[in-house]
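Across the two complexes that follow, subunit A remains constant while its partner is subunit B and subsequently subunit C.
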Partner chain A sequence: MSAIYTTDEYGRPFIIVREQDKKTRKTGIEATKAHIMAAKTVANIVRTSLGPRGLDKILISPDGDITISNDGATIMTQMAIENQIGKLMVELSKSQDDEIGDGTTGIVVLAGALLEQAEELLDRGIHPIRISDGFEQACKIAVAHLDKVSDVIPWSKDDTSDLFKCAKTSLGSKIVNKCHDQFAQIAVDSILAVADLERKDVDFELIKMEGKVGGELADTMLVRGVIIDKDFSHPQMPKEVSDAKIAILTCPFEPPKPKTKHKLDITTVKEFEELQKYELETFEKMVQQVKDCGANIVACQWGFDDEANSLLLQHKLPAIRWVGGPEIELLAIATNGRIVPRFDDLSSEKLGSAGKIREMSFGTTNDNMIVVEDCANSKAVTVFVRGGNKMIVDEAKRSLHDAMCVVRNLILNNHVVYGGAAAEISCSIEVEKAADQVSSIEQYAMRSFARALDAIPMALAENSGLPPIETLSAVKSQQIKQGISSLGIDCMNTGVNDMKQQFVFDPLISKRQQFLVATQMVKMILKIDDVIVHKSDDQQ
Partner chain B sequence: MAGRRQQVPMMQPQIIVLKEGTDTSQGVPQLLSNISACLAICDTIRTTLGPRGMDKLIVDSQKRVTVSNDGATIMKLLEVVQPAARTLVDIARAQDAEVGDGTTSVVLLAGELLKEVKEYVEEGVSSQVIIKGFRKAANLAINRIKELAASVDRSDKTEFRSLLEKCAATSMNSKLIGSQKEFFTKMVVDAVMCLDQDELNEDMIGIKKIPGGAMQDSILVDGVAFKKSFSYAGFEQQPKSFDAPKIVCLNVELELKAEKDNAEVRVDKVSEYQAIVDAEWKIIFDKLDSIVATGAKVVLSRLPIGDLATQYFADRNIFCAGRVSKDDLDRVCEATGCRIQSTTTGLTAKHLGLCERFEERQIGGQRFNLFRGCPEAKTCTIILRGGAEQFIDEVERSLHDSIMIVRRAVKNQTVVAGGGAIEMELSRYLRDTARQIEGKQQLIITAVAKALEVIPRQLCENAGFDTTDFITQLRARHAQDPERYKWHGVDIEEEAVSDLFAKFVWEPALVKINAISSAVEAACLILSVDETVTSQQSQDPMASGQPAMPGRGRGRGMPMGR
Partner chain C sequence: MSTQLFNEGATQERAENARLSNIIGAIAVGDLVKSTLGPKGMDKILQSSTARGDDGLIVTNDGATILKSIPLDNAAAKVLVNISKVQDDEVGDGTTSVCVLAAEILRQAEQLLDQRIHPQTIIDGFRLATVSAREALEKAAVSHKDDENQWREDLLSIARTTLSSKVLASDKDKFAEVCVNAVLRLKGSTNLDRIQIIKKTGGKVSDSYLSDGFILNKKIGVNQPRSVKGARILVANTPMDTDKVKVFGAKIKVSDTAQLAELERAEREKMRTKVQKIAALGINVFVNRQLIYNWPEQLFADAGIMAIEHADFDGVERLALVTGGEIASSFDSPELIKLGACDGVEEIIIGEDRMVKFSGASAGEACTIVLRGGTNQMLDEAERSIHDAIAVLSQTVAEPRIVYGGGCSEMLMSKVVDEAAKLVAGKKSIAMEAFARALRQMPTILADNAGLDSADLVAKLRAAHYEGRSTSGLDLFQGTVVDVSGKVTESFKLKRQVLLSASEAAEMILRVDDIIRCAPRQRSNH
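Right, the complex of A and B next:
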């Protein structure tokens, strides 16, 4: 250890770097090998969750919270990896999640496979940078080839069948594939509802996901409006309001209070009575103001006390209190209303309108939610997820999010490649072909890149219970012989391995991103030849 | 060392002048041990040099991971405590601040200079003689660079641009972004060119990092871009894109709040309540009204913009963003030509800025505010993408180096060839000149000549070439025909010795001049020290966890060596 530890001319040791004893250092090929080892281990963990027949992982947090997931990024983040290279792999997966939202497992498996191949080349004595150069060349060819094999899928606001198929591919590997069609439809509908098709911009903040334990997955629904996890402020208020005119308030039902510090001295009984009268009058006035502007329901960001509550009931004005900031906003967007900061500003044009507002109750518990439906503006939508237990609801939310991302990506760019690893196999063949024409050492690295691409179909086949090598070689030869690049692994045993016929699509930008980012990450890892780790105190 | 421990007659008790535990080391052994320390530091970073240089991964005590190829960054993170070795850290940082690139070379060169003269120190050559020789050699070398440097005519726009691009590309060679250098050089040169050409303030190039995407997805925005700030309810109802909006930048809090914290109002009658509340509302509405009256469509503020104001603007189709950081706001001002206002009274249309297009857009997982097509744009923003945070950080450092280099090249249009070519030429020149000098200086200058060879040698070593073979070949060529082979260096791509000037491996001459002079300065500094006095560390509670430091007793008692 510690190459920084040095002795001078007379054999006396001296210190150059602070707290040398606490630092560990690895250099040269040893460091690179250790990194590859770590990355491979991480990749192996998520490998089995790839594809429609991939299995889920159970993760228990330090607090005992259980997460069950099939989503690469979720698994990786929850694993709390300590190793630095492992952490890089987590970041890799997260970045795919941020950018594309899907394919988070695939990218990690690819990076792991690339590093595994690099290890062999390192053993042959090839310089790590030559290897990564070769990988980059190969990656360029693969990405160019992706463009060539990609297809444009036509879609319009009325014809969403192809978007639907892509969403289905993404959902294929998730727990929700029991209600495959329904979830895919929800994903497509919700994205189309909020998408700004002209600017090709999708604002995810307008899609709210609300989950509730109970019921079954099939009860999941898309509400073109808002769901608020609150109930009416008074149990005797009507549970349903049709043709609602909603007043959205951010001020409490109470006498106005200055923000400046203030003090009111009450010295006589008369003054006290006056105060009480004043309070009562203000309540009356406020309720009257709301009534006057034509509202028949009130949503308030703050609370109001029982006196106001009963007054509202008397005036037959159902009210919802303590509605949080983001919900108020969504409510305002959905109903085309304006958020009103004080009662004086209330007017009929500032009210939001909704076809129906109702309270929904669940099962035997006293859980209620308020559903605002048939809103004036359908730009804000809520997905209401049901499921047998909390884990399933959470996983269903994540799966839906992934599927929505896929749909969004297609709206941005409607090029697709074929799933079932068809694109990887086709790129592998192409890279292999190109490698033979390269005269330098990079040739080896390029071949290795092609082999690393094969790792994805192999993992898919393995997870689907097919003999991996046999299946892969069969498909590969078929692709070359027939010249069809859409042949892939038939994970679902349908008997057809043309992904075009099976309608298994992946967005082009997702695959492209996987290739590019994984290669860049591998380059970064290969380029490190020196690791200095400052051990923290608890490790000693 | 009079005054420390008096050399009194034998058997007399020593008189201790300094506090017990004070570390003193002195004389030649001290000098030699300082040199060894510097060499150890050089060993750590030598593998990062050149296009085939490797990176270092450093995890600090806070578990932050840094992956870097930048000499200055690595040196800083090493936490060097040895005083002499710290000098090297300082010159790396100085080089970083002054020219931005060449930080690894400067440290290597300083180390190599020390290594070459170590022998002479051991043999008893006075360090003053060595220092004098070093200074002379440095002068000779710098003058030679100035003679050799090729200058590019600035008036020819395309020629000038290609000069800048080549310089930027050379600095990127060794970095992670090396394989994408065409893409990034264009970006870097565009960024520098859009700055004010006289000031060239690099703070006006904003760099924003968004994880996700490949590095090719990075974009250059000809204006300002910053992340969506925290927003209140009502924000989503504001319009998110404008053509040619007027922009106002404020340093005003737009929130309903107590105007003075220490003020208190005494209310006598309940009816007065309403009056006070109304007065408070009026204050904020006055502010908001005066902003709206100017016709501004985008309102930015350094201080928070509360929910009331957010909804007020939403009602009037105005976009607002509060808590915008100072740098971003400054750059918005620079780009759009507005001035930050500290009050809303007297706000008129002339205080507003203008840009061609404003929009809020999704980039990666975040929403960004983009101001494009600014009339006075003397600023731009680079949005970097990449697979992981550490990855983007390293890309940012690499781009920073390139930006600095391009900035230098804009001001100073002379270039030399990189890849060790200029060092070989200087080495040959010094060797030839040294022969005509009598006395010890001859040896020292020859030593400097040899030390300069470290750059091409290390380049070969990192690339895995046969070092001796390359160096001898280079030496021979430069000696045979100095004029013809003057730009010959190590060509990593071709794995051969070739003319690098023709291959466009160019570096600003200033980088080399600065590197040589600071390396020589540092070496001189280290050589002129023959005594270290370290006070014992104060006993802070943190120190108890530190290990006992070995070798602390050296240099006590009789001076050794002579």
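Right, the complex of A and C next:
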């Protein structure tokens, strides 16, 4: 922005914002209100996706591609929001997705509710900074209370039933709840397979998700190995190799290509012939080297020359070419092999081993994939997702990823709070109580924070077709009377609203993150009082 | 006060509107293709907007082809197009049925939504219905793979069912025979590239045949033998123009013309040795994927070898499969090269074109179907029909269970779902009944398309099923309810995929309550 400082004819200073007509400007309360409006609109879009009875959204990209999703972060990023505050909300959802992986809808709804409450306070003439201070205090109380009501769930490698229940909670709102148990089990199993329990670390790189349309969701399976979306390089190579010794190469089966710049001049016939001989020998040497180290299958990151390909076939060496970078790493990890960059470095101990490598074919279009099973190292797994159409496969992948994140979070920290908005209701009661102790204006802001927390159970109840206010007040009074903090909204109409009995768990860190980040973001928005937008040139 | 949230041009449809637009879109697609369903279904003409004249004109009955060609702007419609495409890739046929069923399910769902039933409740009901329908279908499926004659009869019947709705219906017995023979040659492989379809205009459709040998759509080199008996074939993929030095950065640098001539001779010499090496393998037919230049071609002619150049990837692969040879690219170790063999190779003429026919091949896992017909459109549609039929057959070979067509399976499933609904308490049962109704729509459409009194026939069919005649179906030629077992057969895998894809898609569309359409990307007009 380019402002110019000048003086008028009487010597009084004033500032000119250059080309004022090209810019729109909003200031003060007007700006804050416009922001709140925008944030509320965004929150309202995803609000109906919340909970096990929430609905999905169709998003049509500028190129006409369709995404159908229930995942907050996906919806937000694909909406292509122009509004600045809307973009902040997108970032909010994304940060929850990157950090926690789940609860991306909840955080947006909470932020929207907080801003809605803030608007009322602004109308009463409370200064935005006082509001954000009050929210800050309330948030501290709520987070402290979350810790208090959280429970530790015991789990071990043998007893994963509680992890399973948490994964189910995460999957409950997605379309994959058609095969609820199966998907939850896949999420738990895949995470446990790759988790480093000592360091409490989970490397998501080791879990690959491969999708293929066809069949149905229930055909989805966890493969303890690697699936590579490639064919064998020669159509006549054997389609199945047992007790595979796999050579993993990152050098092409092609004539040598030194990296230093060089020029090879052929001036005589003799040189020409020698070069021919050399070329031939290189090919044979390459294949011989692979053969000598005892490999019976080759995976290569690069392409093969026709001659090399034919030689490989003649030497009964099935080969896979153009294996992508991440896949080749995964393959190396899964088979305990080493990635070999030069043929000279090949030796038998660098080979990976797998019980079985086979080609799977699908449908009528000659679609093949190579499955590497019974690997030496079970630390790399692949989830193979099937479904009747492209959109459902994509959505299933996203849902599984969320569920896996939940399980990962529990491995990091096995504290849980109760879902079905039980934690929110309990925090709301606590904040309300604490507000009465505060003597300053912040009291109002804190009460508003409590009301904002109520927005989550209300949305849940509304999405489930229950009367929101009636349901919420019933649960709230029950919580206070009975002193049980695990009472929530009975979305599935089971007749039980104790989430402990319904086994609806959310990881504590996820909820805590939601509260903290949403509050932070609301504070930020409340602090903005001036927006200057440059109009683009073509709009003139 | 309103704030602009999205780009200019972006639109948002919410709640009822979103649902309405989805359901209407889906039903529109369903209605579009439903008239092509069944043996009395009609065809559609698709005229491309860009290619004028003969090229842009397609006459077809195939759902996937129709839907692929129509640019749709409705999200739900696109989902339906996608399931139809998946159906095509997975099973090859049933592309119309899957769309129509999904649309009918949504049509029923619309009425439930009008009764203020929560979409999730409807979905719950549909899920229960799908499960029981699937069980019923599995129970009804039979496999005759052990009994060879019966098995073949089943395959023929499936092929007839598939073909009966297509342009080849008049010769369906003949083509069913052709397709079944072709598929059985694959010995269980589902790789349809191995069945080559050669289309030649001229003659009539019934002149088409399954060649007893393999036909390669290529010509034999000049001055080479036109026919070889007891052929020993080398299938190769190797450059036969100039064999370049592949070492990177190599460059020929000469100072005078004498040296250049020397080098040229050396190059020629290199090619000659290559040809000699190939000839030394004791072959009399050489098929190469790449070009063969005049000079090596002449060398082959001198050696009395039939050389065929520029056979494409598919051609080479198929030929390798047919003759049992391996595709070779290096010729230094003759003991490792596996040659192909067949009784005879000869040049034949189909229509006006010359082609090479390999007959009496040893392995024979690939084959050629020669299609004849009056017009290009006719041939294209015939090819699509044959493709559908062999796709379904090859999948049936892999999954041998069969079910009965003519609306029989649908009525069976509908009956079971209806019965299951009676045992379910709550609103879900209403959704299940709706699902059963949607299933019953399939025979209704079949009958409607045949110009029969659908209400009367479907009621009769339903009665037959409730009386325990669970193999009853519609005979659309006579307009009666008959026992269809052994007459109208369909692949179990096809029917199952139709049911599952359709209900998954319907569920997906029902779950949506918001459609956000981004502003279309600005296209610059260059």
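Note that the second predicted complex is superposed on the first by the 503 of 540 C-alpha atoms of A that agree within 3 Å, B and C clash if a C-alpha of one lies under 4 Å from a C-alpha of the other, contacts with A are read in each partner's own complex, and residues count from 1 in each chain.
We take it that contacts are C-beta pairs under 8 Å (C-beta built on N, C-alpha and C of every residue); 3 or more make two chains touch, one makes a residue touch a chain.
Note that this is a predicted model, so its numbers are computed, not measured.
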* If you stack the two complexes on chain A, which partner ends up touching A:V438: first (subunit B), second (subunit C), both, or neither? -> neither
* Asked: Now for A:M37: first (subunit B), second (subunit C), both, or neither, which partner does it touch?
  -> second
* Asked: For A:A80, is the partner it touches subunit B (first), subunit C (second), both, or none of the two (neither)?
  -> second
* To do: Report for A:L313: first if it touches subunit B alone, second if subunit C alone, otherwise both or neither.
  => second
* Does the superposition put A:L275 against subunit B (first), subunit C (second), both, or neither? -> both
* Touching partner for A:I129 - first (subunit B), second (subunit C), both, neither -> first
* Between subunit B (first) and subunit C (second), which, if any, makes contact with A:L206: first, second, both or neither? -> first
* To do: Quick one: classify A:I153 as touching subunit B (first), subunit C (second), both or neither.
  => neither
* Contacts of A:A193 with subunit B and subunit C, given as first, second, both or neither -> neither
* Could you pull out which residues of subunit A sit against subunit B in one structure and against subunit C in the other? => 255-258, 262-265, 275, 278
* For subunit A, which residues count as touching subunit B in their complex? -> 3-4, 6-10, 12-19, 21-22, 31, 84, 87-88, 91-92, 94-100, 127-129, 133, 136, 199, 201-206, 250, 255-265, 274-275, 278, 301, 325-326, 328-330, 332-333, 338-342, 512-513, 516-518, 520-521, 523-524, 527-534, 536-537
* Over in the complex, which subunit B residues touch subunit A? Could you list them? => 29, 32-33, 36-37, 40-41, 43-44, 47, 51-52, 54-61, 63, 65, 67, 69, 77-82, 85, 122, 176, 179, 210-216, 232-237, 241, 256-260, 263-271, 273-274, 276-277, 280-281, 307-308, 311-312, 314-315, 359, 361-362, 364-367, 385-391, 394, 463-464, 545-547, 549-551, 554, 560
* Please name which positions on subunit A make contact with subunit C in the complex. => 33-34, 37-38, 41-42, 45, 48, 53, 55-64, 66, 68, 70, 75, 78-83, 86, 175, 178, 213-217, 234-236, 254-258, 262-269, 272-273, 275-276, 278-280, 283-284, 305-307, 309-311, 313-315, 361-367, 387-392, 395, 464-465
* Asked: Which residues of subunit C touch subunit A in the complex?
  -> 1-7, 10, 12, 15, 18, 22, 73, 75-76, 78-79, 82-83, 86, 88-92, 118-121, 127, 190-193, 237-238, 245-255, 259, 262-263, 265-267, 270, 317, 320, 326-330, 332-333, 336-337, 391, 394-395, 497, 500-502, 504-505, 507-508, 511-521
